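Consider the two complexes below, in which subunit A is the common component and subunit B and subunit C are the respective partners.
Now for the complex of A and B:
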């Protein structure tokens, strides 16, 4: 059995408590330790990812207990994409935070909490047991509540409180659903539960699916459930916002929603209509709300709601193109949104504010930051060479092909709105001419992660080139489209 | 004998009861694998003993017995120990694999690594909960004419940031 699949979780948990134990006085050493541990698990996730993409899924039995007794951990192409993305973005974010977090106190505890959150996220991605997913979900969520409130200002505490309360409502619903699942089917193993779903009565099935759907939709921040997100993501420190907006809501929300709709409740295709509805709603609502925001971080937070709406729409449409669109949009958006949050963090680090009106003409004072910021903005807005353009195009084509012409039109309108609010922002904040500009570029340690992410955003469209697409995205799409757990035999390691 | 804390009766009773609470907590931890209980409940009971001391004698007395810094270190050490036991399984087949000899049923040594895991969880829970309660005991709401104010005292913790 390959231990690589469990390593990221173990490394992150060990790193968290090692930093809390050994380096709580020394911020520099804590930072170095955090960087090296994240790098280690990023390498582990990439190696196991390569294994998954060449040889198919990896099964792992915790404690040596085989199915159906034990907890099954599994890495398949779908979770592997999320796994690699999480660890790569976490690496850039942790590089960035070694400099950015200097203005906060208790930095070693920041790394501790960050590592615990990453452990939870990685744990969700490798679990094939719904209660295990719930446990890691709580681990990641509770760490993120504290990270949102890390600055300890009144607004941050308020945002964190709101986030905590909403999130506990979600986890109550999820736990209730899990209890019902266990009561009705006697198993918590996702494959075993999936094969039992056809035997349940429709009322029970809908009730369980509804609870699970609302719980995870709340974490994904689809529109009726979104109210916590703008506060939490705009108040958190910039690296935390970057990982929350870029990866966290996609791992604890979108990934599990994909599993629920595409892999668990396949007997319940109507759940896709719900996703389509809520996705379209959040797309439009998030876009319109973002247009009116004065605070740049808040604008980005609303933009996240809008873009996650695209993912939900793609998931709702389904089919090969819909699923491909979801994955591509997730990858492109994760990269560009974490770049944008890191970017506004660098601007805040130098200028001390995130209000659009007080920031004018940054192109003259911070040219590199401006370049990376514009790349991220154009990336999300969907300007051709970048991944977001192709993903939006695929989702629109999928909508037209599936007969949802209205949704396709909405997608186009929201894309225009997105371009609109980013261009408006760029015109004043970045490219307005100011007199006597003072050159004060952000530190190199802040620029380097942004530069790498900007490069990744720029080339993310490469995943759709035929030779590469067959080996990566298509395999993940096949997990979403026609995945049968029946092909995993008991006692088999692959 | 200082004047802080509650009356002499409460102090006397607490002093007598405290070792027994500790003993009960330890027993819950050590026999967690064969009787009801385990690391979590045992750890909570041990913290309960310290909370009793804290209420009866005041925080200065308790923080001399178990300084918060040491409790923080024990908390991390418990977590790391638990992780180390899980990683020990790599030697044989998988994460969390129980590779120690299993012993005889219903004896103290009868479940391989489970008892070690319980001890580590007990350490983690007892010290972690103690730190949480210590932090709460340092916070204070002061009623003034302007309204309620929050104050954090730093007198009992010498140099912890």
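Now for the complex of A and C:
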């Protein structure tokens, strides 16, 4: 069974080369192959996830090499949630892109790059080695640079360029930190490094932590490291934006930040203060900037910054409620933001623009798209039945309980601003009355993934129902709350 | 055996209501006997649980059972009376009567406040439909007023209940919740100034329903208040509330009786007297002492007896004359001797004349007020005496107008008192008036003290003394009667003449309503009556007038606030967003500055 955890990475890497080699002439077959590969690894991730949630973590020794020589892979409840979410959202996105990407040339290469990006993301989630994380991080990032620039228009290339430069600076920081870790402790294995931290001088420790934090904060797009995000996410093709905004920044950034904050640098509580600071900044800045945007995709990108700020705030608060809020907000936001990007993609597919002023009264021409889009917007704005409402509520309660009343007030204000800009958008783009509407609904293949995601957004609050929460979220929260690498013994197989 | 207490009477009531639903096709004759059997079964189950559980029950349970027995007695009499009064009533009416009965029994028998509230609502809704039953314009207005006011009361009550349940300790909240409870129960009981539904709903309802409404339903408000005031809040917890309740009692007592004086509509008059008598009960409760509570409970029982008797008697008058107006009656003593007799008894009872029961309970309440002996209770004592006198004055008018004088119109023969369904309740209730008046010691010791429970500190002789006055009154009457018979036989009888001219009976007839009409013109009272007739004191009218205006005001304010917030907020946001956009200008070099500034912040914070 433990081979399952390596399976998604293996499938994606293999799929990337297979598609590039075999199907580069046949777009249709390439699409079918991509769908089936993603489906396969989604199933693998769900099966291994069930195993993780029932039996605790899974350890995997690559090639049978034991520690400290070999590479150790691990899936625990925390990474398993990210793992499952990644593959499920990737499945919907790839379904969507089989139709959407028809307007681009070279679609087989799109699938190849997409597979490589997914392989990198999955690899980060199963790595237990800080250098491994870096390698998969680079794999995913480089694939994403090219995906952002896939349309090859001037502004797309510019966005990709900025993204690349910023991202490489972050990579440099991270690599520098890794070099320092290796130099001081002689190991890159996270548990081994953990046991060595007490031997490090405080200066070294905070320098390493600061470098790592700034590097991954850039990938998480916390203000002031967010500058690349609005360009990159708004210029990429819609499915790429969906996976970037929905999952990529969370896996590459937030997940690693959670590990850094809650599991690696437990001795540095200042990191939580940093998270609160940057999280609050991101919430407010992202929200305000989103309010001022004319381009819908750009608005969504800023909204992502704002919502990731909530996650960072929850992580900064910590404790049971804070951690639960982070996980729930991540899940709800991943679902609704990828839904929204797919939705604006469908609108662009039909109407050829993403400017809010040129789009009016879509309710009459594209009722289903409008319905799904409104669901996603209300979801992110935090309207009660949706998961985002509960996650924001949990984060606010956690803030009040921990004594950060100011942060709680900010959370509420930003929630109001969020509702404000989405309602403003909805009123003109979706529900304005237009003369002589022509019914022009998006293709079914675009509607189906959106519909599924909208349904998931609507019911995602179910994860907080006690019976379900105990089995899933609570286990992940306990990883964030009191995690000790000491209980991963050498030679242990589970 | 405890289950019998609350379960049986309620179950039988609701069961009978259900049976009425099933046998709706059956004839009136069948349903008549089903109703009577049901009412008997309810009464019997109450008495039975009283009998078997008497020694094992706590005081609160006995209090509830006492009220339940009272309710089932009055219910039986009213239901029996309605067989004569409303012979054509549909199955809905019969079913609703039992639903109403079951709701009232539930209120007094259950042990949980939430269950109490649920039964309270059943009772309210059932009585709403009963008030509405005649479906005239008057009934519609009255029932609407009734349901709105008592609905508001229910909201207050549930607030109080939930508040007490959740936040018992805080003293400020405790005051607020007691206020809620007082308003909630006060609306049901008809406390001034919350009484205004009562004079409208009672006349509009069918008479047996009025008898139940006035006889027992308003007592459920009293019961609930007693449970809250004496058990949950202890009587001495706040001097302020005691004074407020005392003042409310005085206002209720005097306001009710003054308004009763000028009424022409017999049921409206009786309704105002109900308010006035509730004032007595309220004074007893407000004393907060054992003797006060005993007086209040005793007066509750007595009021139930004589007020339902009065209403049923009024029902006979209304049925025979097809009118509710006192001016249409007259000279009916010969036609309706039994009604005359029982109305006389009831009128003497309500006015507090020995040897009837009203005297005893008022006597106890006077004692309570005198033992209380502070300024306000002395004033209350004087007010209570005045109220008694005015009550008597008012009933003299009723008796005079309806039974004395000249008969104004003939009444049809089929409506004369022949039916046992109507006679027996009247006689039994009148007997109750007398019995409760001459054996107060028994009633107090057997029923009141067990239900007061821990507060038994009372000198029973004080209460028994009331019965001495009763016997005294009886003996004086007997002496007068025996000696007077001789004189009456000796007295000269002649026609009335004036200035040598013999007058017809019509010319000498004395119309009470006009005589009492002059009360309206007495200077200080004139303002009171005009104010009342303009509806200034009617909290319902005030609310009806004020609500739309204040509602519009609030809506306008809210709309304006939201609008200005929206306009101001969006211009504020736009301003700052434009400034912020300058920061994000698309220059990679500037973005790198952002990044390094952030890294420096990280390093600075993490260093500490």
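To be clear about the criterion, the second predicted complex is superposed on the first by the 493 of 494 C-alpha atoms of A that agree within 3 Å, B and C clash if a C-alpha of one lies under 4 Å from a C-alpha of the other, contacts with A are read in each partner's own complex, and residues count from 1 in each chain.
Following the convention adopted for this analysis, a contact is a pair of C-beta atoms (placed from the backbone, for glycine too) under 8 Å apart; a residue touches a chain by one contact, two chains touch by 3 or more.
For clarity, every value in this text was computed on a predicted model and none was experimentally measured.
*Asks:* Here subunit A is shared; do subunit B and subunit C fit on it together or clash?
*Replies:* Fit: subunit B and subunit C sit side by side once superposed on subunit A.
*Asks:* Quick one: name whichever of subunit B and subunit C touches more residues of subunit A.
*Replies:* Tallying touched residues of subunit A, the top partner is C.
*Asks:* For A:199 in the superposed arrangement: first (subunit B), second (subunit C), both or neither?
*Replies:* After superposing on A, A:199 lies clear of both subunit B and subunit C.
*Asks:* Is A:271 contacted by the first partner subunit B, the second partner subunit C, both or neither?
*Replies:* Once the two structures are laid over each other on A, A:271 reaches subunit C alone.
*Asks:* Touching A:210 in the superposition: subunit B (first), subunit C (second), both, neither?
*Replies:* The second partner, subunit C, only.
*Asks:* Let me test your reading of the model: by the given contact rule, A:384 touches which partner, first (subunit B), second (subunit C), both or neither?
*Replies:* neither
*Asks:* Would you check which partner chain A:173 touches, where first means subunit B only, second means subunit C only, and both and neither mean what they say?
*Replies:* A:173 sits against subunit C, while subunit B stays out of touch.
*Asks:* So, does A:403 touch the first partner subunit B, the second partner subunit C, both, or neither?
*Replies:* A:403 sits against neither subunit B nor subunit C.
*Asks:* When the shared chain A is used to line up the two structures, what angle, as a multiple of 10 degrees, is there at the CA centre of subunit A toward subunit B and subunit C?
*Replies:* 170
*Asks:* Which holds for A:61: it touches subunit B only (first), subunit C only (second), both, or neither?
*Replies:* After superposition on chain A, A:61 lies in contact with subunit B alone.
*Asks:* If you take every C-alpha pair with one atom in subunit B and one in subunit C, what is the shortest distance in Å after superposing?
*Replies:* So the smallest C-alpha gap separating subunit B from subunit C comes to 23 Å.
*Asks:* Would you mind writing out the residues of subunit A in touch with subunit C in their complex?
*Replies:* On the subunit A side, the touching residues are 161-162, 165-166, 169-170, 173, 206-207, 209-210, 213-214, 217-218, 222, 224-225, 227-228, 230-231, 268, 270-271, 273-274, 277-278, 285, 288-289, 291-292, 417, 420.
*Asks:* Which residues of subunit A touch subunit B in the complex?
*Replies:* Those in contact with subunit B are residues 1, 3, 6, 10, 13-14, 16-18, 20-21, 24-25, 60-64, 105-106.
*Asks:* Which stretch or stretches of subunit C touch subunit A in the complex?
*Replies:* For this pair, the touching residues of subunit C are 569-570, 573-574, 576-578, 580-581, 584, 586, 588, 590-592, 594-595, 597-599, 601-603, 605-608.
*Asks:* Inside the complex, what are the residues of subunit B that reach subunit A?
*Replies:* Contact set of subunit B toward subunit A: 72-73, 75-77, 79-80, 83, 86-87, 89-90, 92-98, 161.
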